[in-house]
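Structure incoming, see below.
Each chain carries a letter (A, B, C and D) given by its place in the written order, and its residues are counted from 1.
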Amino acid sequence: MDNTMNSKYKTENINESISWKDLTPGLQIYEAGTSKQFMTGEWRVNTPVIDFEKCKQCLLCVPYCPDSSIPVEDGKRLDFDYDHCKGCGICVKACPFGAISMKEGK
Amino acid sequence: MAIKERMSGNEAVAFAIKQVNPDVMPAFPITPSTELPQFVSNYVANGKIDTEFIPVESEHSSMSAAMGASAAGARALTATSSCGLALMWEMLYVAASSRLPIALALVNRGLTGPLNINCEHSDSMGARDSGWLQVYAENNQEAYDNFIMAYRVAEHKDVRLPIMTCMDGFITSHAVENITLIEDDLVKKFVGEYEPEHYLLNEEEPMAVGPYAVSNYCMEAKRAQAQGMMNAKQVFLDVAKEFEQISGRKYGLFEEYKLDDAEYAVVGIGSAMGTAKDAIDALRAKGIKAGLLKVRVFRPFPGEEMAAALAGCKAIAIMDRCESYSGNGGPLGAELTSALYRAKSKAEIINVVYGLSGRDVKVEDFENLYGELADIAVNGVKDTQYRYLGLRE
Amino acid sequence: MENKTAFNFKEIQSRPERLAPGHRMCAGCGGTIAVRNVLKALHPGDKAVIGNATGCLEVSSFTYPYTSYEDSYIHSAFENAGATLSGVETAYIALKKKGKIKDNYKFITFGGDGGTYDIGLQSLSGAMERGHDMVYVCYDNGAYMNTGIQRSSATPMFADTTTTPAGSVSNGKPQSRKDLVAIMAAHHIPYTAQTTFIGNMKDLYVKAEKAIYTQGPAFLNIMAPCPRGWRFDAADTVDICKLAVETCYWPMYEVVDGKWILNYEPKKKLPVEDFLIKQGRFKHLFKTGNEYLIEQFQAEVDRRWEELKNKCNA
Amino acid sequence: MRELIEIRWHGRGGQGAKTAALLLADVAFNIGKHVQGFPEYGPERMGAPITAYNRISDNEIRVHSNIYDPDFVVVVDETLLEIVDVTNGLKEDGAILVNTSKPKEEIIPHLKGYKGKLYTIDARKVSMEALGKYFPNMPMLAAIVKISEVMDTDRFMDEMEASLKHKFAKKPEVLEGNMKALWMALEEVK
């Protein structure tokens, strides 16, 4: 298989306007985690906001996020991944320190 | 060179499985294919095969596990009959649309209603639109040969579809007949190693199989799958040509027996076509120009090619060992009639349903049928073009 | 087999994400929380193949061309996640034997309660009985949510679903829940456990790790609240889980090599109505005159709790 | 030998008629014949009447129907004479072989006026004497080989010895008993 063939099968090159000849056979995908390219942040109506002053970096909010939208780096949580956060608000209640609040809108 | 043996059809296919030595075989027993998992289990128990056998709890699970194994990068197969195939039905479509080159050794038996264990093609014919390649055998030799060629077609990059190799339940599966086997090393070389381009257990590249696809992708995906089926025609022929080199046996998409100058032709599938050959020889001795077209590859359907081969015939009986309950004949009848129409055939055509639930078909049945064709060629189709053979009226 | 390292919450949270964002599950979906955290229990660097029964998770986490899995993934149908993954696991054995693959792989499959308790029960039972080295994880949200909240055999008694609607002559689902964990334990597999999301989810991580790293088949049942189907505000997920455990509606326990172990016993068992009242699907139970239904529900919870304690003390 | 020999076996499930048919196919194959050996298909149950078939030919056999006009019929269990039409379609220039201890005169009335030859053998006696157990298929096999002239009996015995030696490599006493049963049957059939 040459390189042009391989890049043809990259998720970023697959969209709803390409020919049937250019789809991956059996609609298989040969990459991992390509859903990152799909921005579910657009679904959000209300938005969680973190107050890093109050945040104790206990990370308790992290496992409760259904959208893997609380990135952790070097043992510390970063700001929300607003490209993907759907604004469910679970993290607000998961936080024992009241560091997360919801604001209306995006 | 070639090894002369005598074996039942099931033994022959089991022997082919042993020679091909696939990676994974999930299977569930059902008459008359039960011997296949039994033989393979015996090979496994005695270290004669590397195959991992999975004694699944149903045929639905055999096809599901076969899919898992195939997607994972293994050469997978299963075997079944009748209701077992029906229980797999849903997964047949999924296996094909996932483009997984699984082999299924099918031992044809009628679908239940009423319960019966004998030969009929209603099981595989019902699955004819599931996206599987289908190849049929007249006898144990062809069943063996077809299985050896199976993966070469299914795994071909232009095809990538699962394949069903079919033989007649009991008549072929359980009858001991002469057979010529091919040496192990020749088979091994012919079939080759399975080296899939993408697979779940590829350490270098993760892969995802079986998505939900919105309409904007689905129709295109189905068209792409259909292309694999169309491409398979040429691949079947190419593989058969190579096979001839190791076996000396010639295969096409179908077999023509004394069809060149035939005025009256029978078209059919499976073991009864051998019986028809005896009838043809007897009729030819009397100067009657009888001929036969025996379908080997049913999926993809070689309609154009068959119509061309039948071009000189005055009257044709298309035989279905299957009632499709369309009220209009059987599946082969429907599809070939349409191909003949497109080829502007002038032949008179009848569609004959025969051999249901193991109803025997004799040489004299065929002799009578050819007699009827001779009459039809002159006087046209009198009663209905769709009729039963060997039925008590 | 046992997890040798002590539980380290921060370390687990720092592991690379194995369920990528961008999936299309509902906002606040409990099923996704279950999947994400089970996958976090995989040791970083270990390879895995993830299986999946058709359901909300499948249609939302692998919507062509977007896969949310950082590992290889396979879905084939609704009722066969057990069989499908058993085929993958067997292929692994075959290919490893032939020297075609070198890495070690783990096999984890997810199904909702529809695909697990009901239509996929046979396939699951077969896979567990045959002893494949795999984990089957049921994210139990107690109804067929993907098709629009129809009852399943995991639906609690009296729940209002679209096929057991509460009406003028109906109190919702007449039957109580199937005890699938006991059925799985009856397969005498090495590891079976039930959990949900509590506190820092230590219980879930420990069980997931045991399930994944125990040789042979393992089954995990995880209560995964569905805000839509249960009718509560997604933000209340944490409370709902806590109440399910504190009322003993959803006990946390495990069966290890045939030994039943209760992992948590509330200091003060709360009345089940505390759990029920939070959810719209039980609203009709709180109408005047329906107190007896709550009593019946409580009696069932009590009976099962006592039975479980007996098993664990035996 | 006839160009194509067709044989029909009548027995009861569990008696070994099907095995005998397959054994006959085996030995005929070993001497270079084209063969078919197959039972009439259905759920096989101990004691129920069963039918099995052989075709043996010098040419390729393509026909796949049952046998309606056999050259020979073998009746492994004489009690079947009363319930099965064993001579149905049997060619007059062929023969029927019946496993019985009775004189032929007592068998003839059950043959519905069949004009061809009747052979009998007491397979029970042969089997008990040679093997100490009742396995009728070996004596019946030897007898039908002799009657049908499907092959030379010396050649048949050589082939059987070779294949039984292979099959019972670890049980020489079983080999000996079976060979004795075959020898006796060749002598006793009349």
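As a working rule, a residue touches a chain if its C-beta (ideal position, glycine included) is under 8 Å from a C-beta of that chain, and two chains touch if they have at least 3 such contacts.
These numbers come from a predicted model, not from an experiment.
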Chain pair bearing the highest count of C-beta contacts: B-C
Gap in Å, rounded to a whole number, between the CA centres of chain C and chain A: 23
Whole-Å gap between the CA centroids of chain B and chain D: 35
Chain centre separation (chain C, chain D; CA means) in Å: 64
Centroid spacing, where centroids are CA-atom means, of chain A and chain D in whole angstrom: 77
Sequence positions of chain C contacting 2 or more other chains: 62-65, 67, 69-71
Touching two or more other chains - residues of chain A: 27, 29, 31-32
Where chain B touches two or more other chains at once, by residue number: 98, 206-209, 211, 213-214, 217
All chain pairs that touch each other: A-B, A-C, B-C, B-D
Chain A-touching residues of chain C, taken from the complex the two chains share: 9-10, 13-14, 17, 19-30, 32-33, 36-37, 40, 61-71, 197, 199-201, 227, 233-239
For the chain B and chain D complex, residues of the former touching the latter: 6, 31-32, 117-118, 139, 168-172, 174-178, 271-272, 274-275, 277-278, 358, 360-363
Of chain B, residues touching chain A in the complex: 97-100, 160, 197-198, 205-209, 211, 213-214, 216-217, 219-221, 223-225, 228
Complex contacts: residues of chain C adjacent to chain B: 47, 49, 51-52, 58-60, 62-65, 67, 69-77, 79-80, 82-95, 97-98, 100-103, 105, 122-123, 125-126, 129-130
Of chain A, residues touching chain B in the complex: 1, 16, 18-21, 23, 25-32
